[in-house]
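Two complexes come next, and they have one chain in common, subunit A, joined by subunit B in the first and subunit C in the second.
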Partner chain A sequence: MQRDAMSVTISPPEQDDLPELQPPKGKRFFGGREGAQKKFVAGVMSPVIAYMLLWGLIPLVWAFALGFFLYSARRAGGPFLGLGGDNPFVGLDHYKAMLDFSPDASLNVRQFHIAVKVTLLFAFIVVPLNLAITLPLAAMIESVHNRVKPFFRSIFFIPVLTSAVGVAIIWGFVLHPQRGLLNALLSKITGRLVVISWTTDPNLVVIGIPVALFAIIVAYLWQDIGYNLVIFIAALQAIPDSVKDAALIDGASAWQTFRYITLPLLKPTILLASVLTMISAFQVFDLFQVMTAGGPQDQTRALSLDIYETAFRFQRMGWSAAVSVVLFAIVLVISLVQTRMLKSNWEY
Partner chain B sequence: MTGHGERTKVQRRAQRERRYAGQRKQTVSRATLYIILAFAGIVAMIPFVWMILGSFKTGAEIRQIPPTFWPENPTLDNFRTILNDPDLPLLLFYRNSMFIAIMNVFSVLFVGSLLGYIFAKFRFKGRDIVFWYILATMMIPAQLTMIPGFLLLAEFGLLNNLWGLIVPSAVDAFAIFLMRQFIISVPDSLIQAARVDGASEFRIYWQIVLPQIKPALATLGLLTFMFNWNAYLWPLIVLTEQSKRTLPIILTWYSTQNSSQLQLVMAASVLMVIPVLIIFAISQRWIVKGLTLTGLK
Partner chain C sequence: MKIRSGRVRWLVLVAAMMLVVAACSSSGSTDTTAAPGGGGDAGGLSGTVRVWTHQNGAFNDGLKALADGFMAENSGVTIEFETFDYDTYIQTLQTALPAGTEADVLQMFGTWTCSYASNLASVPSGVASLDDARSKFFGAPIEGYVCDDALYGFPQEFNIEYGATLFNNATAAEAGVSGEWDSWDEFVTQAQAMTETVDGNMLRAGYNFTASDAIPYTFYSNILQAGGSFLGDDGFTIDTPEGRQALELMVSWVDAGIVDPVLFNDESNWVGDSFFEESSAMGLVGPWVVPEYESDFPDVAAVTEYRLLPTLAGSPDFVADSGWGLTVSKSSEVQDAAWAFVAYVTLNAENAAEWNSASGTLPALKSNAEGAAKDALVADFPHFEPFFDLLQYGQYVGHMPDRDLVWYDITYPHILNVLQGNESIDDALAGMEKEANETFG
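Entry: the complex of A and B
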């Protein structure tokens, strides 16, 4: 009753004379100027669609097509996009060659196998480590005093803002064999001169994983942690205090509250963060190229680097396009699997 | 009756003791919490500190084994050498990076907000298909369209041209999605009122919708600037002429050229990384906002 009275006094009497604000049912446009709106939408959408075809869809189809050719931009080739002629059609040959696991397979193929292994290793080490660090760290930052919270968040977020090239070079200073901080620290601790070539010694392998790859993993984690941290802090802030307080009053310890209250509520965020981290981990290029350039002895040759090198250094663009299709397929499959997990967990 | 009273007394005392113990435990765990966080913070910051300290060391000090932590004779010579190096016209590279980043901010903000408005407030045939197609392109790895994109740029004569890094990136899926999310909450009545007043459709977008989403535009602008400023792979492919290159590529080039003079590389990194980093750090509140609102990279 009261609300009705209020609205009557507030709304001006002319209200009734104004045209209807809601769109009439069944009509696409409203407001009586359908023509102008249609023109506006068409005027914007037609150049945009043309643009998306040119820079989006055509390159996509072209990439799949290139995978069926022995292609180099240096050769003239056929009349249509340089395909055919000197750049012959080879059908599924590239894809068949990828399945050749014999030791006398060509260098391209062996490097591709290494690249798949390196990329999978990298992604499957990086994602769990990232979550294992960011989740507790976010909970810790969330539980400190409000005054210092932004300070800690900033410290971990600054590397996110740094260019990956900057990160690679900065870590190069830390890992430098003679002039690096890490070896200096180790020398101080052990009392002897430590000179370890973290990113260039091919014999440094721990549990089957090259140490150079670990170096890139550390640099990547250092750069990437702040991102998930921010996401998790936001998610933690969205959980009402009353839920946690209720658990604490019921006698649950801080750990129990985190384990049985906070963590389940965070599950959707955790899964989303893991999907996004996984997708970006498969595409990391800058760190691999600048920190190790794939070395030592191809031990850190990731797929993204393999694609770049074969296409732009060795001009094997057909083969490289086929490899990029494989990378796309891997990313697609893994993100679909993760999204399915995400969906099923949304419904609990 | 008395027994019952006794029990409550005992219970109360136990409860009190538990509470004190809890408080003691809490202060102890609070202290460990701060110690862990401080330690993690130092680990996160030390690579920066190492680089900055190194940029003030002399060549002789850098070559010392084992290396020193604090510069013994802090000097600005490294910065002088870099700024006077005729092979390293830093201002030119700053200008190249700045031009690409700013032009991208304008084009991405304009196209993103215009399309965001259309997807949020208009209904037309094929709208959802186009919108989902745009969203789906976010899943495609850059490496897949890299080679045809390069060939296409060559076809248009945009290789070694700064516009080659601006033209293909104007329709940005992330920007369109972000803008749409914000424009949806702009009240329809506002748009409708402008229509009744006789404003043209473009003017409604420009003068009614855009002012409503200023904070979102600022966030998206910062993210776009940051992304382009830090970009490496695409500039590496498109810009092969030295004078056209951007800062990240020059930094890697300079560090391989001077790998024996680490103090110079450190000073160059400080000059290229730190100034923008300070700007980003100041504005990170908006960057964080944009990232958390969409949950997208």
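Entry: the complex of A and C
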């Protein structure tokens, strides 16, 4: 209502009244002040665009193309980029094979199905858990005294800066069945020797989810929450105090303020954080490779690991490229759905 | 003109940046080392021979010493070494060979050779015939270099992973066992005595054979010992009585409690780590592992020996990969000099023995597995001694499209699954046979 009351209607000028804005010939793009700005932008962007073309777009197109070939770098193939000949064109065969859900499906296909399941499970557990931890944590850190805020921010952000491989190795020490800290702690508590193979026992399953996968989820969250935490802290700081003050004056409790004022205002940030976390969750490789190498019995074989193994260990590059295209499609679709679900039509 | 010169400047800038990026990417992690040499043409050979190897200090020092000797005898030839870390080397071979940009001499793991045979030169008849090579080299190492009855290079080492086990003398003494056995039953009894279990949890395995190399080598070797075979002209035949016998034998070891395959496998308590950290009293892994660990675990290394394993039916047949050796590129322009160098290193018994001694590897040449050459090698590497009695029984794993896939993604997971009680022997044998045969398609 307030917005309507203050709105002003401005009529567009008649077409004939418009001044001649065409720049003189020869100075259309780079002349004058505007031209200098364009030059600067072109200068700054050119290396990035060249870089993206060289290392981003070309490999992407190459991956899409390879998905249509039975390609292995070991085979000589045809004269054009090694395609054809011993690396024959197979059209959509790889994609059709992915839809074979029979028990007689080839090992490739069954491992792909496992990898899709593991990756989706991982992503759909990690994203809500991450948001459920980081958002309240950010609100709590925002509520403490200004002097101690940087301390908490640093504590939670330091793991983000550490190497994922280092994180995986340290968690491997913690979870080692015989020399691990966790089993040592459990042994102390129970008074008897506890030897649990957290990451190597295929029979260790809780609510249908392998414990080895939970172990990777814990390590991932430990390392990753600092990133979203910083995003949420920044978003919380951007919410005008006046909005919250108005709610308090209206008699809202702290919880009601958070639930009905802060949370809706954070919706665009939640969207951003969930999309970024989802994309990141689909790309996790280091933790899977170092902590479990896909085991036990492929229970943690994520798509990124499946792609790596088939492409670089077993040289089935065509199949691997097709799997990476599917991963790309899955991430794209889920990101679009997330964007649609969490989209808001207003800003503050 | 102003606009045109501006565009030219931008084009030059972008081109320069792309050149810098390309230069950075191609320099990679390769380490180029040129051996000294050059000069006249005394031996009738001339040219520069580029040699690619993977980065292994002992291997390359031995090879460079031989290169110096070769260049002294052939003053017209210069040998240049380019070395790559292992992973980069594999990827470089995979991309360079189809592109024809490889070096003249390529160090090759014998088992890979046939994958690259279309880009490799076959051995000229003047260097050695196939029959000559088969008579000079042990079967397991040379057969990797034989593709469709043509010879594509020569091995330098005998790669062995089965036949003898690491044995901790101190643990054996504590357990009161002799380490002498005539059958698997006696072996298992002694392994049980060395196993340590507390509150139902295994702290020390008596015999750790559940790593991703140990399981396939044990399985396929015991198929051979049972009188069977697993790879023929029609592909893999694993679901056989001999396959069942081999797998049942392995299951019986787990049932006897000498290893817990959930705690001891490739991902947890890997056999090398586990043996030298003394959580395994015996462990199945090749003799290359001792030099890797002895500096960190000198006390354990001092009480470590290799002991021959029992056999299933008398003959100690075993499967073996074809180890590292040398091949020549088909597109090399200095083929004569390249083959002369390869022959100098691999076919000359004295030189081959010198390289084995420098690199700490078992000999591929039969003549170096006896007499003074053997004595010299055993003096340097006492752990080798029991293996010399086995080398003649080694059989090449066979030509298959992807040995690593069959070993690590098919055989190991199926058998580990059986040993962990999650798959039946029937299902595992059928599954392995089906999946291994799919690798041909």
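Some observations on this one:
We adopt the following convention: the second predicted complex is superposed on the first by the 284 of 348 C-alpha atoms of A that agree within 3 Å, B and C clash if a C-alpha of one lies under 4 Å from a C-alpha of the other, contacts with A are read in each partner's own complex, and residues count from 1 in each chain.
To be clear about the criterion, a residue touches a chain if its C-beta (ideal position, glycine included) is under 8 Å from a C-beta of that chain, and two chains touch if they have at least 3 such contacts.
Keep in mind that what you see is a predicted model, and the values were worked out from it rather than measured.
In the superposition on chain A, contact is made by A:178 with both subunit B and subunit C. When both complexes are overlaid on chain A, the residue A:202 reaches subunit C alone and has no touch with subunit B. In the superposition on chain A, contact is made by A:297 with subunit C only, not with subunit B.
The partner that reaches more residues of subunit A, of the two candidates subunit B and subunit C, is B.
With both structures placed on the common chain, the touch criterion links A:51 to subunit B and to subunit C. Of the two partner chains, subunit B is the only one touched by A:37; subunit C is not. Contacts of A:193 after superposition: both subunit B and subunit C are touched. In the superposition on chain A, A:321 makes contact with subunit B only, not with subunit C. In the superposed model, A:286 lies in contact with subunit B only, and not with subunit C. In the superposition on chain A, A:73 makes contact with both subunit B and subunit C. Residue overlap on subunit A between its contacts with subunit B in one complex and with subunit C in the other: 30, 39, 51, 54, 73, 82, 176, 178, 193, 312. Residue ranges of subunit A in contact with subunit C, taken from their complex: 26, 30, 39, 42, 46-47, 50-51, 54, 73-77, 82, 106-107, 176-178, 192-195, 197, 199-203, 292-293, 295-298, 309, 312-315. By the touch criterion stated above, subunit B contacts subunit A in their complex at residues 29, 33-34, 36-37, 40-41, 44-48, 50-51, 54, 62-63, 65-67, 69, 111, 114-115, 118, 122-124, 130, 133-134, 137, 139-152, 154, 167-168, 170-171, 188-189, 192, 195-196, 200-202, 226, 229-230, 232-233, 237, 247-249, 251-252, 255, 262, 265-266, 269, 272-273, 277, 280-281, 284, 287-288, 291-292, 295-297. By the touch criterion given at the top, residues 3, 6, 10, 13-14, 17-18, 21, 91, 94-95, 97-99, 115-116, 118-119, 198-199, 201-203, 262-263, 265-269, 279, 402, 404-405, 409-410, 413, 416-417, 420, 422, 435, 438 of subunit C touch subunit A in their complex.
Only residues 18-19, 21, 28-31, 33, 36-41, 44-45, 48-49, 51-52, 54-56, 58-60, 62-63, 66, 73, 81-82, 137, 140-141, 143-144, 152-159, 161-166, 168-174, 176, 178-181, 183-184, 187-188, 193, 222, 225, 227, 230-231, 234, 254, 269, 272, 276, 279-280, 282-283, 285-286, 289-290, 303-304, 307-308, 311-312, 317, 320-321, 324-325, 327-328, 331-332, 335 of subunit A touch subunit B when the two sit together in their complex.
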